[in-house]
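Labels run A, B, C and D following the written order; every chain starts at residue 1.
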Amino acid sequence: MIKSPLKLAIIGGGSSYTPELVEGVLKRLERLPVKEIHFVDIESGQEKLNIIKALAQRMVDKVGANITLTASFDRRAAIKDADFVMTQFRVGGLQARASDERIPLKYNVIGQETTGPGGFAKALRTIPVILDICKDIEELAPNAWMLNFTNPAGLVTEAVLKYTKVKTIGLCNVPVSMKMMIAEMMDCSPNDLSLEFAGLNHLVWAHRAWLEGKDITAEVLEKVGDGANFSMTNIFEEPWDPTFLKALGAIPCPYHRYFYQTDAMLAEEKETALSGGTRAEQVMETEQELFMLYKDVNLDRKPEQLEKRGGAYYSDASLDLVDAIYNDLKTINVVNVRNNGTIATLPDDAVIECSAVVGSWGARPLSVGQLSPAVRGLIHQVKAYEQLTVEAAVHGDYEKGLMALVNNPLVPDIKRAKAILDDILRVNRDYLPQFNH
Amino acid sequence: MIKSPLKLAIIGGGSSYTPELVEGVLKRLERLPVKEIHFVDIESGQEKLNIIKALAQRMVDKVGANITLTASFDRRAAIKDADFVMTQFRVGGLQARASDERIPLKYNVIGQETTGPGGFAKALRTIPVILDICKDIEELAPNAWMLNFTNPAGLVTEAVLKYTKVKTIGLCNVPVSMKMMIAEMMDCSPNDLSLEFAGLNHLVWAHRAWLEGKDITAEVLEKVGDGANFSMTNIFEEPWDPTFLKALGAIPCPYHRYFYQTDAMLAEEKETALSGGTRAEQVMETEQELFMLYKDVNLDRKPEQLEKRGGAYYSDASLDLVDAIYNDLKTINVVNVRNNGTIATLPDDAVIECSAVVGSWGARPLSVGQLSPAVRGLIHQVKAYEQLTVEAAVHGDYEKGLMALVNNPLVPDIKRAKAILDDILRVNRDYLPQFNH
Amino acid sequence: MIKSPLKLAIIGGGSSYTPELVEGVLKRLERLPVKEIHFVDIESGQEKLNIIKALAQRMVDKVGANITLTASFDRRAAIKDADFVMTQFRVGGLQARASDERIPLKYNVIGQETTGPGGFAKALRTIPVILDICKDIEELAPNAWMLNFTNPAGLVTEAVLKYTKVKTIGLCNVPVSMKMMIAEMMDCSPNDLSLEFAGLNHLVWAHRAWLEGKDITAEVLEKVGDGANFSMTNIFEEPWDPTFLKALGAIPCPYHRYFYQTDAMLAEEKETALSGGTRAEQVMETEQELFMLYKDVNLDRKPEQLEKRGGAYYSDASLDLVDAIYNDLKTINVVNVRNNGTIATLPDDAVIECSAVVGSWGARPLSVGQLSPAVRGLIHQVKAYEQLTVEAAVHGDYEKGLMALVNNPLVPDIKRAKAILDDILRVNRDYLPQFNH
Amino acid sequence: MIKSPLKLAIIGGGSSYTPELVEGVLKRLERLPVKEIHFVDIESGQEKLNIIKALAQRMVDKVGANITLTASFDRRAAIKDADFVMTQFRVGGLQARASDERIPLKYNVIGQETTGPGGFAKALRTIPVILDICKDIEELAPNAWMLNFTNPAGLVTEAVLKYTKVKTIGLCNVPVSMKMMIAEMMDCSPNDLSLEFAGLNHLVWAHRAWLEGKDITAEVLEKVGDGANFSMTNIFEEPWDPTFLKALGAIPCPYHRYFYQTDAMLAEEKETALSGGTRAEQVMETEQELFMLYKDVNLDRKPEQLEKRGGAYYSDASLDLVDAIYNDLKTINVVNVRNNGTIATLPDDAVIECSAVVGSWGARPLSVGQLSPAVRGLIHQVKAYEQLTVEAAVHGDYEKGLMALVNNPLVPDIKRAKAILDDILRVNRDYLPQFNH
């Protein structure tokens, strides 16, 4: 059966990550006959969008691919008849992220892009926009798959699955990065590893690790406890306590440090904020440097400096998914999908992050069942926070927002929750029309 | 049908609470034909036991009741053929409780008798002893009901239900106190109130309150937010935020302050520890005063000063249960029992605290179903802590103990969890044989 | 607190059962200050309605009660401001019931008023009418309780709870009859018995029976197996196999005979249909006799002959519920309510029949948890049939109707299911507007 | 990584199916380095075992494979250090199967090898033997995978998973046969089909069918309703009603005919039993013919006549599983495994048949979640029957056996259940030591 060529729409096309995505497409031309990529962004991002478009064109030209590139502010045109809509936008830009990081720190609370109050603020800004995008998809490309990379990816995907009819899968580069690091510490090929992932986005555990049929979970935990590299560019690598890891019995993701090692992570954040600036502030610099590079008319490939930006394997996670769906590969990918009984006792309509078989039928999660008490409490606590956040974001509901923060394990107290919430609503006023009714 | 008269065994009979229990028996003589009460305690409590026995005898004599009182160290004799075994003992005495309160404070963590690391330490000391008592009951009084008042009552009851065959119900004076305070604020008789309690011990919510068929939950929450009295002698009455209460949509118990208002509660604890001494240290003084009073050969009733001690309605909660079982009353009492599907998504074998119909069949909980996201996260987090604590206490398992503390929402961090655990194990070494294998 | 007097609306007031209801009201005048009873029926029932009204008036006058009686075809007037709406109507009358019983027998399938295809047909006729009644209640008496006695009571109550906002409780005289028969066989007062009922309407088991704290389940099962009376007027008393009862471990209701003893029940039905006529046909005669009696201007009480009609304890089951709600009694009644997790693994929105605490808050079921495999299969099978029947009845959906019958354990085969369905739709055409769209 | 070569133990090696298995091994030599196959059987099967061994040797020699073949009665030697133990034995032989088929027919009940009372009888005979085999595996080959083909495969696998520690997967050729037939009717390659299987063994549905990303479930159901071939050699092909299939919304397996089209299947069975003999009696003839062929010293391949025997794709289903595990393929196979939350509301420890990802980690099922009411009732009913059958078989418990049959949807009545049970126990006395204690 001859399959039709593909149109991709990239929402947030002016992102510094885009060259990686383009590179991913070009690497897979034999498997994925992409005929058109439409980069779309908002007007204030025009300059970046132009730079990206030009660089992408040079990359395409270099390999002689037959792909039409378009860059515009016309989201509806981009979405119209797209086969895949990839979302990677950032409402409020890095400026808003910086305030997400700074506000909680004022109250001695973790200030982080996707977890804690920072992720909450980002969700409030992002969810109304993505629901709007989904209306366009429902109308203009009802058969398209939306691959959502926009953070907080689990929360955003849950809002989409609850409030729209768009076929969507959320994804994240954390699980694939964990796999790569485990392969490195086991000195094996990632292909020989089997990892049973289940949890929530940025709160995912590899519950068991297998190397060619042998359960190596304990061995991996020992190596991690022993100091093997197990973090990501954007997360401070506070060492893990070996006894704790053994007691946990599951491999935590780098973001778990915020929950399990709060004191050290907070101390580091506060120091960094004082010295080098928060992560957002550092990224702003990196971004500027990247776009300087991107402008170079001689550059016709993804520059190595992009790796510093923190999105390792972003392109692979994303395009492997396109590949699996388009070519019906039935590979195991780690994705954000509707729970539907996969993790027992979480609500059916909750979005979880887990290993799933991806093919032309979408993503079918591997059954997980009952989680151990070692992880069951935290996942329910964070999911309650997420459910409440989705409601707060969709309905602009102050009380739900307060309950969301009170339920976030990184926020220790009602008083601080309220103060942070009020700061967030004030500072982000322009991005939160749903709260100004 | 003529029912046989009753034998009660009071484990921890030397407690200062015992006169209240005796008073409760004497008030109900028409309904409860008690023929014998056996107070049992350990040898180091001999003096107190003698004082209590003598006071109880004066109280019995005063009303001319035909009850044989016995006081001894012979637990097996006490249990033999008892109809009800009431447990109210304290392993390590108030001295141990003082260290439970002091240790966490060193690490800026809530130091409290039953919640947080303090309750954890108490569970480690108590569970091996109660399992030992249960062996005696299984052998010597297999049909007896054990009414467990020993804190942390939920945890202790869970251990008993998981590891023994003893028919047991855990109970607590918090729900009945909440009912009394709500009646006071609504200016109505407690009998006209219907409260739907469900949660865990010292983490119980009244999810709905009814006054003669009218749902008054919102009204009660307003009054509590407005400053109506809603605490207990032993818990600092930090005011509740009205917006939070409205968002919560359920009436929290006084102990919820430790979880929702951690900052203020911790500040108060630290200040009190510096000035008047921790709660345990204050209680030691009260105890001494009480026993001075009890010694008075002219005293033949429960002295009023006992109320200061904090156990309001203790006797009523306890003897109402005896009454309901013995006389098959089918009244609604709030008890600690096996979940068995009552609260959806908690494990079947978890112990919960909830409204139940109590009669000769024991306690049958009222179905609860799904909890709202506003409370679902916290209850799963605390139950995970409790499950892990039971395993740690029964098996003397360091790793389970560490995971228990890491899962306790009052302990923010692995490092502090470990430091606190190590302190607890060291200080309580004499009471933790299960960890010294 | 002084409570306002009560208005009752009786939908299907012309029923021969009504005198029992009136008697029940008059017996409880001290507890239930009824000021008005409005009997409503359809025009074709005018004569019966008049007879009932006149008899009721004589009964009221006899005791000198201050109750206004009204009889009319004006359903909206009856419902307006009612405190309790009691439904006991029969769409299509006994004529339709006779065809419900006859059609399945043609295909060698149990023909019965409420179980099997007969109950299915009755549900198709009844549900559209009751949803219509509920629209009136929502508008004219939004605070009223609807007590639904209309069969199939579980199915009808499920439709109401799924498709309306009316506060409703379904009820049935089977559980109370079982209690009375068990009391008789144990030679005890029914008040000393505690029975744990859980199941579906006409498929309810008493899972455990207690007599003053002693579990007598096995003893009751032995007596039933030994031939103790354990049926109801309208159900053929095929003896129970003692080994089966022991294996079942729970006390079945009389209607269980249709499921467990299908051969014998079918044989008896076929014989009766040939000789004396089906149950409906017998009842038509009884009815005629009853109304002859009712007409007697000297009759001023419920005649004893009504008992033959089969509705033993109908009045008590019904008015005890009114009493419990109005006076906030918190008694345990057996009712049909939303499952909401009470029986684990049945859907939350399924209606079940179970022991519940009834008071001004409505009915709160006692938690049941996991059912044993001995009964779990049948209850899921019948509940699936019921869910599909509700959908078929509400939407007039032929396929759902077919699947409903295929799922009914009394219908052995698709072919017979389809033949029966087609007969039912044809014969009942006038009463099934939802299928004629 | 170089993998060690494989030893296979074939329990019931004298089966006429064995040549297919050997052929499967020889086809996969490049992927599966089998070094040894040990055929084991009981003494009464000596002649057949010898014939099979000789034929297998000729087949091996023909392709020049380096495989040691052993045939013996020494089960322990066969199991010792095996990598895979494949079970395909038949306690009591075809003679016992014939009585399984005949007994129910006496009572007008479906008489079938694996469903209904026939499967029940087979389970009673088989489960004690397989538990015995498992004891040997636990001792002599604790790392071996047992692939269980012994019918009733779901029930037998459930007994093994509940009562032993053996790593086991149950399998069946029904799902793969369904896939092949659907591919045929869709005129596509089976590889382009994706089927979502979930249910129980011989009660499995393909809930959705996809062809290259397009949901073709409705189309397949139409074709099946239209008369497309959709049965298996051993099941009478009673046509399916198209309206029923549409209402069902899922693709039934051939064995579903016994449950949904009981009348026609029973009629056919009774006729066949009278004329040609039951299926077992027919198979006896086929077997004899096959072994005549097998004896031929010139035969060095699987003869085509084996296909008539009914085990199409047996070898592929089985060796694809060995391949997937040994080579860590992560392919989707349909297997019998512990439910563990895969199908919501079935017990965690129930064995289900479903699509799973098979690799060196064993089989990880694809999450299913809530089943529709159209199928939910039947699966719960049959699983209750299965749970009770396992208990009856393991403990020799008459009451559980009776409840099992009463719960089997093919047995309409207690009386018939009891008569059938008594016949089964009497006729199979020699094979049911557990009932003779």
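Everything below uses one rule, namely that a contact is a pair of C-beta atoms (placed from the backbone, for glycine too) under 8 Å apart; a residue touches a chain by one contact, two chains touch by 3 or more.
Keep in mind the model is a prediction, meaning the values are calculated, not measured.
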{"item": "Steps in the shortest chain-to-chain touch route ending at chain D and beginning at chain B", "value": "2"}
{"item": "Distance from chain B to chain A - Cα centre to Cα centre, in angstrom", "value": "45"}
{"item": "Where chain A and chain C are represented by their mean Cα positions, the distance between them in whole Å", "value": "55"}
{"item": "Set of chain B residues in contact with two or more other chains", "value": "none"}
{"item": "Complete list of chain pairs which touch one another", "value": "A-B, A-D, B-C, C-D"}
{"item": "Complex contacts: residues of chain A adjacent to chain B", "value": "241, 243-244, 246-248, 260-264, 345, 373-374, 376-378, 380-385, 387-388, 398-400, 402-403, 406-407, 409, 412-416, 418"}
{"item": "In the complex with chain D, residue positions of chain A that touch it", "value": "1, 3, 192, 194, 196, 208, 210, 212-214, 325, 328, 330-332, 340-342, 344, 348, 355, 357, 359-361, 364-370"}
